[in-house]
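Below is one structure, written out as structure tokens; comments come after it.
The letters A, B, C and D name the chains in turn, as written, and every chain counts its residues from 1.
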Amino acid sequence: MGILSQPIGVIAEWLRNLLLGWGLSQGLTTVLLYLLGGAVVAILVQTWVIFLIWYERKLIGRIQDRLGPNRVGPYGLLQPFADFIKIMTKEVIVPSGADKPLYFWGPILMDAGVLMLWAVIPLMPMVGMDLNVAALYTIAVGGFATLGILLSGWSSNNKFALVSAIRTVAQMVSYEVPTVLALLIPVLLAGTMSLHGIVEAQHVWYIVFAPLAFVIYFLASVAENGRSPFDLMEAESEIVAGFHIEYSGMVFAIFYVADFLHAFTIGALAAVLFLGGWRGPGAESFPLLGFVYLWIKAFAVYFVGVWVRGTVPRVRVDQLMNFSWKFLTPVALILLVLTAVLDHFVFGLGAWARALSHLLMNVVVAVAVLRYLEHHEKVRASRRQMVAQPGQYPVARPPRPAVAENPTEAAS
Amino acid sequence: MIPLNWYLILAAALFSMGLFGVLSRRNAVAILMSVELMLNAVNINLLAFWRYRDPAHPVGMVFAVIVFAVAAAEVAVGLALFIAVYRRFNSVAADEINLLKW
Amino acid sequence: MTAMQIIFLLTAVVTLFSAFRVVTTPNMIHAALWLVTTLVGVAVLYVLLSASFLAVAQVVIYVGAIAILMMFVIMLTRREMRDHGPQIGKQWPWAAVLAVLFFGGVVWMVQSMSLAAAPAAEVPQTAIADLGKALVSPNGFVIPFEVASVLLLAALIGAVYVAWTRRHS
Amino acid sequence: MNAWLYVGIFIALSLFFPALLAVLGLILGPRRPNPIKTDTYECGLETVGETWVQFKVQYYLFALVFLVFDVEVVFLYPWAVAYHALPFYGVVEGVIFVVMLAAALVYAWRKGALEWS
């Protein structure tokens, strides 16, 4: 085992021998090694957020024809550090009447729910733990983030925070359905729930097999994260600032960190599930290269997310729910059934033949869905015309009175 | 290794607490929570016996999964009933909903 | 005392304490959160029983869905049900006696049986795939599997029908 | 089992790091609360009425449909793992299951439970 082909393995072996040499027991050594490995991964991704914050602000700035941060350090690179130091010295204002323990559990659970995902993401070949239910685990820990939002909204003792938290949770659970269904497709294709297994099964990337599933997974995850254009929970004009309105100082910063980390983690998960994870030329012989590939792929998906964020205007709340329940979920269900039936017949073929038949099926489904939407839109347009000419038969129902969208209305 | 009867006693304790909750709580949602405790105790038993008796066949796991489905169905319908009852009586206290009581 | 046993005992203490809080705490939201803790504790027990899939499914279903649904309903049915005022009925001593009797009876029964101290065999690596096969095999559990889907469909229809009222009619 | 040990340790760590940040914020920041500052924020107005406002049934319905979907999809995961070893009728049974799921969606849709009014 050379240091280049097995860097982590060699270091772990050396550390293990060192600790055993100190007279520690086998079990304790394992625990210490895992603790160390976990801490390295956790600190790495948490630190990475500092860069992400700078990058996203810069990119959004450029999209909006601004400069973005440019004062502190070269290209404003040190801006997040300055912000961090500033926010460190801010007071944490706990509102009166808050449910104190739960008030702090909210942000902690939310950040932890994202960070926990990194326990199962395969960073490079043969490194990281091979949990045999990892795919479902990624869904399970999402539940903790949802719980964190509900907690922070409820414990703040603020109407707006509570309304926003309930709304956000309704949005998150709605978008969890297409996420779970889209995630089922790579699991079905690979025949395993282990993320290592899914990466290893991707001789051809699953984005070729199931581009629609990738799109559904990506959109639903972004919406679950609550980023623009799905940032209803932060709708300034309706619910002031969302479920974290009563948070300040460092405790607020935890929400911020969780948001950015979640955006990048979506990229990493999408890269693992659909873009071949650490796969790339030479990754098997040089695992560190695999890590670089994974990071680049994750970053590419993250970039698209930020791009969407900077470009598309916010959707309306009914559109938001319809998009999940009446578009993504049915399409995911149809795709799942067709994939299951098709793969039974083409599994025996070569990898590329199998991939191409799946691709063809996906294209057919996509065209059919687009055709249907076009048709649907035409029908609706003709209905609207009927409304425009009253007195003619058939009279469509009159347009509904507009419902004012404000929190007291939503709350009643 | 952990002896089997540890699991059984733990499950029994969980079940007893659920039983206590079902019999003593006033809020209907709390009663439902206690029922969940009891179902979980049952699931622990099912899986413990599966693990210690016959881990080669997934029978115990199938039972546990079916219990999940039943629990979910029970929660869905139960909570819907509470919402309907609340609309009618403006209360979800189990001892105040006594229209059918003789 | 092995490491496994220590983990088991710690989990058992956490689980039972939170279960106790579920049935005694007057604040309903707190009760729901204690329920979440209990259910996570049970998931850890499933891990100790090498039932990985069930452990994760437990968290997905209970923490991700059932607990959220319960908290929604607690918030929905809140105007009358303040957290002050008794949350435990007057009959609680009888309930406690019954629960203790039940627990004592079960413990007596468990102790009088001769039970295995260790598992008969290891869980096979393919346990999840076996479960999947058993769920759709005609010699296995295909009827319960399909009936479960019908049950859930029926539950959804029933629940939507009961809870749903048209606003303006 | 070892994988779960690592995951357990990682879960503990991921709870620890944000908690550490919160504690750091509490230690390093000043702490001078006063009644006006800790008052509930409501666009500059005094808070009126109960904080724990009530919500539309709509929210419950979304969570309900989600619960049913979640449970059914969890059933499908072991099926998907075993998928390649299944004969064709096994696949068909899974498809029937998915159709039931679709029926639930269609019912909720037709009933208007998925409308945001």
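Note that a contact is a pair of C-beta atoms (placed from the backbone, for glycine too) under 8 Å apart; a residue touches a chain by one contact, two chains touch by 3 or more.
As the structure is a computational prediction, the values presented were derived from the model and not from experiment.
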Remotest chain, chain B as reference, centres from CA atoms: A
Innermost chain, taking as reference the mean of every protein Cα atom displayed: D
A-D or A-C, whichever has more C-beta pairs in contact: A-D
Distance from chain D to chain A - Cα centre to Cα centre, in angstrom: 13
Chain centre separation in whole Å, for chain C relative to chain A (CA means): 28
Separation of mean Cα positions, chain C and chain B [Å, integer]: 6
Separation of chain C from chain D, taking each centre as the mean of its C-alpha atoms, in whole Å: 17
Overlap residues in chain C, where contacts from two or more other chains coincide: 50, 52-53, 57, 60-61, 64-66, 68-69, 72-73, 75-76, 79, 128-131, 135, 148, 152, 155-156, 159-160, 163, 165
Numbers and ranges of chain D residues touching at least 2 other chains: 4, 52, 54-55, 57, 59-60, 63-68, 70-71, 74-75, 77, 80-83, 85-86, 94, 101, 108, 117
Sites on chain A at which at least two other chains make contact: 131-132, 136-137, 162, 166, 169, 173, 176, 191, 193
All pairs of touching chains, each written as two labels joined by a dash: A-C, A-D, B-C, B-D, C-D
In the complex, chain A residues that touch chain C: 27, 102, 131-133, 136-137, 139-144, 146-147, 150-151, 154, 162, 166, 169, 173, 176, 191, 193
Parts of chain C lying in touch with chain A, wherever the complex brings them together: 3, 29, 33, 36, 52-53, 55-57, 59-60, 63-65, 67-68, 71-72, 75, 125, 128-129
Interfacial residue positions of chain C with respect to chain B in the complex: 2, 4-5, 8, 12, 15-16, 19-20, 22-23, 28, 31-32, 35, 38-39, 42, 45-46, 48-51, 53-54, 57-58, 61-62, 65-66, 69-70, 73-74, 76-77, 79-81, 86-89, 91-92, 94-96, 98-100, 102-103, 106-107, 110-111, 113, 115-124, 127, 130-131, 134-135, 140-141, 144, 148, 151-152, 154-156, 158-160, 162-163, 165
Partner chain D, residues of chain C touching it in the complex: 47, 50, 52-53, 57, 60-61, 64-66, 68-69, 72-73, 75-76, 78-79, 128-133, 135-138, 142, 145-146, 148-150, 152-153, 155-157, 159-161, 163-167
Complex interface listing, chain D residues touching chain C: 1, 4, 8, 52, 54-55, 57, 59-61, 63-68, 70-72, 74-75, 77-83, 85-86, 89-90, 93-94, 96-97, 100-101, 103-104, 107-108, 111-113, 117
